[in-house]
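Input: one structure, supplied below.
First chain written, first letter: the chains are A, B, C and D, and each begins at residue 1.
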Amino acid sequence: MGTVHHRIGVLTSGGDAPGMNAAIRAVVRSAESMGMECIGIRRGWNGLINGDIVRMDEDSVAHIINRGGTCLFTARSDEFRTKEGREKAYLTCKLLGIDGLVAIGGDGTFAGCLAFANEHDISVIGIPATIDNDIGCTHYSIGYDTAANTALDSIDKLRDTMQSHERCSVVEVMGHRAGNLALYVGLAAGATAVLVPEEKWDFEKDVAEKIRRARLAGRTHYMIVVAEGATSACQVAEKIKKSLGLDPRVTILGHVQRGGNPNARDRVTASRMGYWAVKCLADGKTNRVVVHQNGEITDVDMVEALKTPHQLPIGEQEVLSALTGAKI
Amino acid sequence: MGTVHHRIGVLTSGGDAPGMNAAIRAVVRSAESMGMECIGIRRGWNGLINGDIVRMDEDSVAHIINRGGTCLFTARSDEFRTKEGREKAYLTCKLLGIDGLVAIGGDGTFAGCLAFANEHDISVIGIPATIDNDIGCTHYSIGYDTAANTALDSIDKLRDTMQSHERCSVVEVMGHRAGNLALYVGLAAGATAVLVPEEKWDFEKDVAEKIRRARLAGRTHYMIVVAEGATSACQVAEKIKKSLGLDPRVTILGHVQRGGNPNARDRVTASRMGYWAVKCLADGKTNRVVVHQNGEITDVDMVEALKTPHQLPIGEQEVLSALTGAKI
Amino acid sequence: MGTVHHRIGVLTSGGDAPGMNAAIRAVVRSAESMGMECIGIRRGWNGLINGDIVRMDEDSVAHIINRGGTCLFTARSDEFRTKEGREKAYLTCKLLGIDGLVAIGGDGTFAGCLAFANEHDISVIGIPATIDNDIGCTHYSIGYDTAANTALDSIDKLRDTMQSHERCSVVEVMGHRAGNLALYVGLAAGATAVLVPEEKWDFEKDVAEKIRRARLAGRTHYMIVVAEGATSACQVAEKIKKSLGLDPRVTILGHVQRGGNPNARDRVTASRMGYWAVKCLADGKTNRVVVHQNGEITDVDMVEALKTPHQLPIGEQEVLSALTGAKI
Amino acid sequence: MGTVHHRIGVLTSGGDAPGMNAAIRAVVRSAESMGMECIGIRRGWNGLINGDIVRMDEDSVAHIINRGGTCLFTARSDEFRTKEGREKAYLTCKLLGIDGLVAIGGDGTFAGCLAFANEHDISVIGIPATIDNDIGCTHYSIGYDTAANTALDSIDKLRDTMQSHERCSVVEVMGHRAGNLALYVGLAAGATAVLVPEEKWDFEKDVAEKIRRARLAGRTHYMIVVAEGATSACQVAEKIKKSLGLDPRVTILGHVQRGGNPNARDRVTASRMGYWAVKCLADGKTNRVVVHQNGEITDVDMVEALKTPHQLPIGEQEVLSALTGAKI
């Protein structure tokens, strides 16, 4: 490409994640520092289709680095999935003189970017943000750590009351197709057992036996963490009741996990990724996703990125089973 | 009475609440400072029945003031509801030389105290602790403020994501028979509407119309807080969907509200109430409940206490309706 | 008075406190709901002098209930202490048609109100907000509980590291003339000793001996909490080093205590007080301070209010000495 | 080596850090799951010298994963720096049959390990834990993220009150020889300027000019973050006062940064490193440090580790200057 961009757009799309505001701020300020103008596109791709835009400068992002959610709002867009929708979106770009786009979101957002860039003369850079951390191309997605700590804080509180009443708790955390959050949080919480969607599990071996071993080792309360994509917490609780005679309490953490002020890691990662995305545009790059790999921020090809399968971190699984239930 | 007690027991009973540990600590240390010995009774009344006890001194309560839950465990006891159960419990008291009891819990705990003291020669003092704050005789029960802040923190996080997605949220907080927590938290959260068990409510007037007014006033997200005793959050969400065409998200905060490190107010109240309870025993009192009334710690007759009906605070309701939905 | 107000002003003055925004929101929304218009006056009395104002409606206070600080800014004003300053301020009121004022702050703010109302035809209502909780006429001032929990969270963290290293800590909390915060936080933290400005203290008896007793009772770390008005943490640490041979660490919590999202108690109290203040104006009252007394929100005469001396709560002191150091 | 260890020791040494307990728990449980016995050595190397030890099993580490500080206590040991001290320590090992050691701490701790292992027949594995994150061989040290979030929470609170009063704040965070924490926190906090010990700084260019630019860009409050090793916050504040006429407030966060419950990242990292350390011993390795490199947990030679110079992360510095003050 090699074009020098004068005016770029930034949008958030898909489910929101803590740190999106910090990423927006970094995009806007980095653009300014590199001599570009930045337009905020509101409500995801719909904003580009409908011309729902707002001019942004250093001042408009002045107090958002520490705020959860996204000041540009977010939404899913069926219309952008159609060629017609993307054409409308391109008209907005043409009208405004936008020739570069930074899109903050997940795989669906990047797929939208690609379709758009394939059809129209626009440079696109993706920034991964999702509390599920299930984007294959990057080790880290913005929002993951804040969500993990939100879930962990709740489980720590649950632990207090479960311990007082000597009860069993089944907690459902977010993660439709990925168990990263469940595994990470379960490890941090000292869970008795963790169930994830990536792996087959057997109630007798992976839940009942672990509870038994914990009881034999002296525990009188048990914490089972399940990813929503693995099973339903209620079903697991029902089985525990039937099979072990315990009376478990179910907690579904739900959307609370999506909100909250981003923590240090998410603000720093978002700031670095936002800066990197704009640098990509300044360098004339397009169709790239900013990623965190091997401890570094870098960028990868967006087509390759979308092909990279999501994987559950192996190290954490091994440790989890060594630390819980391995020994009676 | 006028007896000088030499050895007293302390127990927690019913649902646990943050600050119970601070109350136990205060009872144990106050007893020591007034020349009495203190025995911890574990697992509520069951502990007295089964002799599940532990000797406590200054050191055994050294690092618990800031811990959630109760180090003495808690449970409900069917056996203590029987005369035979209470006789067994009394034998434990006789064996150990316990002639005074401090019981930390709710109305059910105090009813147990009364039945016990009516049949046996034992002085009983109750300390109110429940996150519902639904004990009629006292303005404040240990655990309420911590639970309220736990719920509020979650709702603040929800607000972030509801705002980003311009959605409606229905949140269910604890409170089977009392709406105090829902009202308090709803007021603090700037809720669009609050539903409590003490008051009849009409979906059209108390929910739908308030959402409409909020929309007309510029809001694009809405927060409905319901006490579990008023209705189910899922039902309210269903009605909102049908009646207003919104797609609300349901959050049930659940047992998380019972846990967590007690905050300043609960630690201070628990410390003061624990001290006061022991002073009551030292003064030869029995059948008293320590209460917070008119800004002061004092004690009231336990029979009267159990007759005092729980009331929803009027002031907060009035303010809530002035601040939300009153004006378009 | 009996005037019906059509346009009122609201300002924050003196040191800021968490919950001021919730109070502003309540004033603005209550005014609207009672048919009055509300003008925000920025930077305290200076804003009235300089015409630094902003029109406020339901929307302008839409997302501030959970924010620390004050969206109207605050400042101290030397000019308003002069008759000329107050005359300039009155001209702004006349120009804008403001005939009622709600001033959120401390004793100094109320003194300003009185001087202003004595000279000019304007109704004034004060709302107490200060993290020191040192306003004699009210049991509770907005911001106190949030500040106490901020300090307590820090002390809880300190406790971890002091315990690991078996060290002594001296923590200085805010409070020039009032020890309320120090006493409250010290009690909640399980402090070894607390020093407040209202009471004479003797190093040997009130610090050294308490540390010795704690050591004899098994403790190996000690937490001394001092109000900044009582002494300097550094001096106390110096004496501990000389007299007991320990090597204490000093922590001065400072302005961090003034900030942070207001907690449930401060948001609810601020909402109720803001509403009450506007109701006072609607009822034709002037020269009143909204207060929290005997568990209720009410209002008192401002002249009387300023005469009411601040007092340290007696109950908490007694409990503190029973729970720490009283017994070896 | 290749010895199979039957009994190993674990200790924490140097300054404590949140997550040390999670590491101890992982060492103890991993040892059990691999068939080794684990002895806790208290108060660092002193415990080995004095035989201050405690037998540990699954149960003794049951509720510590979420606790700050270290349950084994920590201390610096002058005696262990002498050959005689290390000989005494070895006698304890011989008496107890300890032939492997896991030492949790910083560079000083690892130097102690090496000296010990060079003189005596004992396998040593180090785990990096320090809130400064200044250990050259590893990208991440246990405690860093929790400390960063503690500092960030305080700065977020400060921001509220600085904004209300339109003031300048100078905050001193920990870091004698390393600016990592200051840089990380400063980036996350949106600081106006950050001063670190690794880089020369010029007041006029690196502080005054940045404040001026922020003012020109519309800011009315400024946040200067300094690492304690770079300069004193008081001196910077003094210069700002003299040079710019502002009246800055100084905050020294101090030891509070060392405490607090470890967050998810520190608990997970500690669990993984603890497990890895025991696996090293099981594999017959010695003189290794467990590290986090390129996104993975692995181990490196201890001699090499101690030679690896600490470096300030370059990426974060570049971003910081792009996002603050770069553009007027």
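Worth pointing out:
What we mean here is this: a residue touches a chain if its C-beta (ideal position, glycine included) is under 8 Å from a C-beta of that chain, and two chains touch if they have at least 3 such contacts.
Just so we're on the same page, UniProt names per chain: A, B, C, D = ATP-dependent 6-phosphofructokinase.
Computed from a prediction, not measured in an experiment: that's the story for all the values here.
For B-C, the equivalent interface among the listed pairs C-D, A-B or A-D is A-D, as over half of the contact pairs agree by residue number.
In whole angstrom, the spacing between the mean C-alpha positions of chain A and chain B is 36. In this assembly, the C-alpha centroid of chain A lies 40 Å from the C-alpha centroid of chain C.
Distance from the chain A centre to the chain D centre is 27 Å, each centre being the mean of its Cα atoms.
Residue positions 156, 159, 163 of chain D are each in touch with at least two other chains. If touching chains are joined by edges, the resulting network of the protein chains shown is one closed cycle, each chain touching exactly two neighbours.
Partner chain B is touched in their complex by these residues of chain C: 25-26, 29-30, 32-34, 58-59, 62-63, 65-66, 139, 145, 148-149, 152, 156, 159, 163, 184-185, 187-190, 217-219, 261, 263-265, 267-268, 271-272, 275, 292-297, 315-316, 318-319, 322-324, 326-327.
Listed in rising order, the residues of chain D touching chain C in the complex are 12, 16, 18, 20, 43, 67-70, 73-75, 150, 154, 156-166, 169, 249-252, 254-260.
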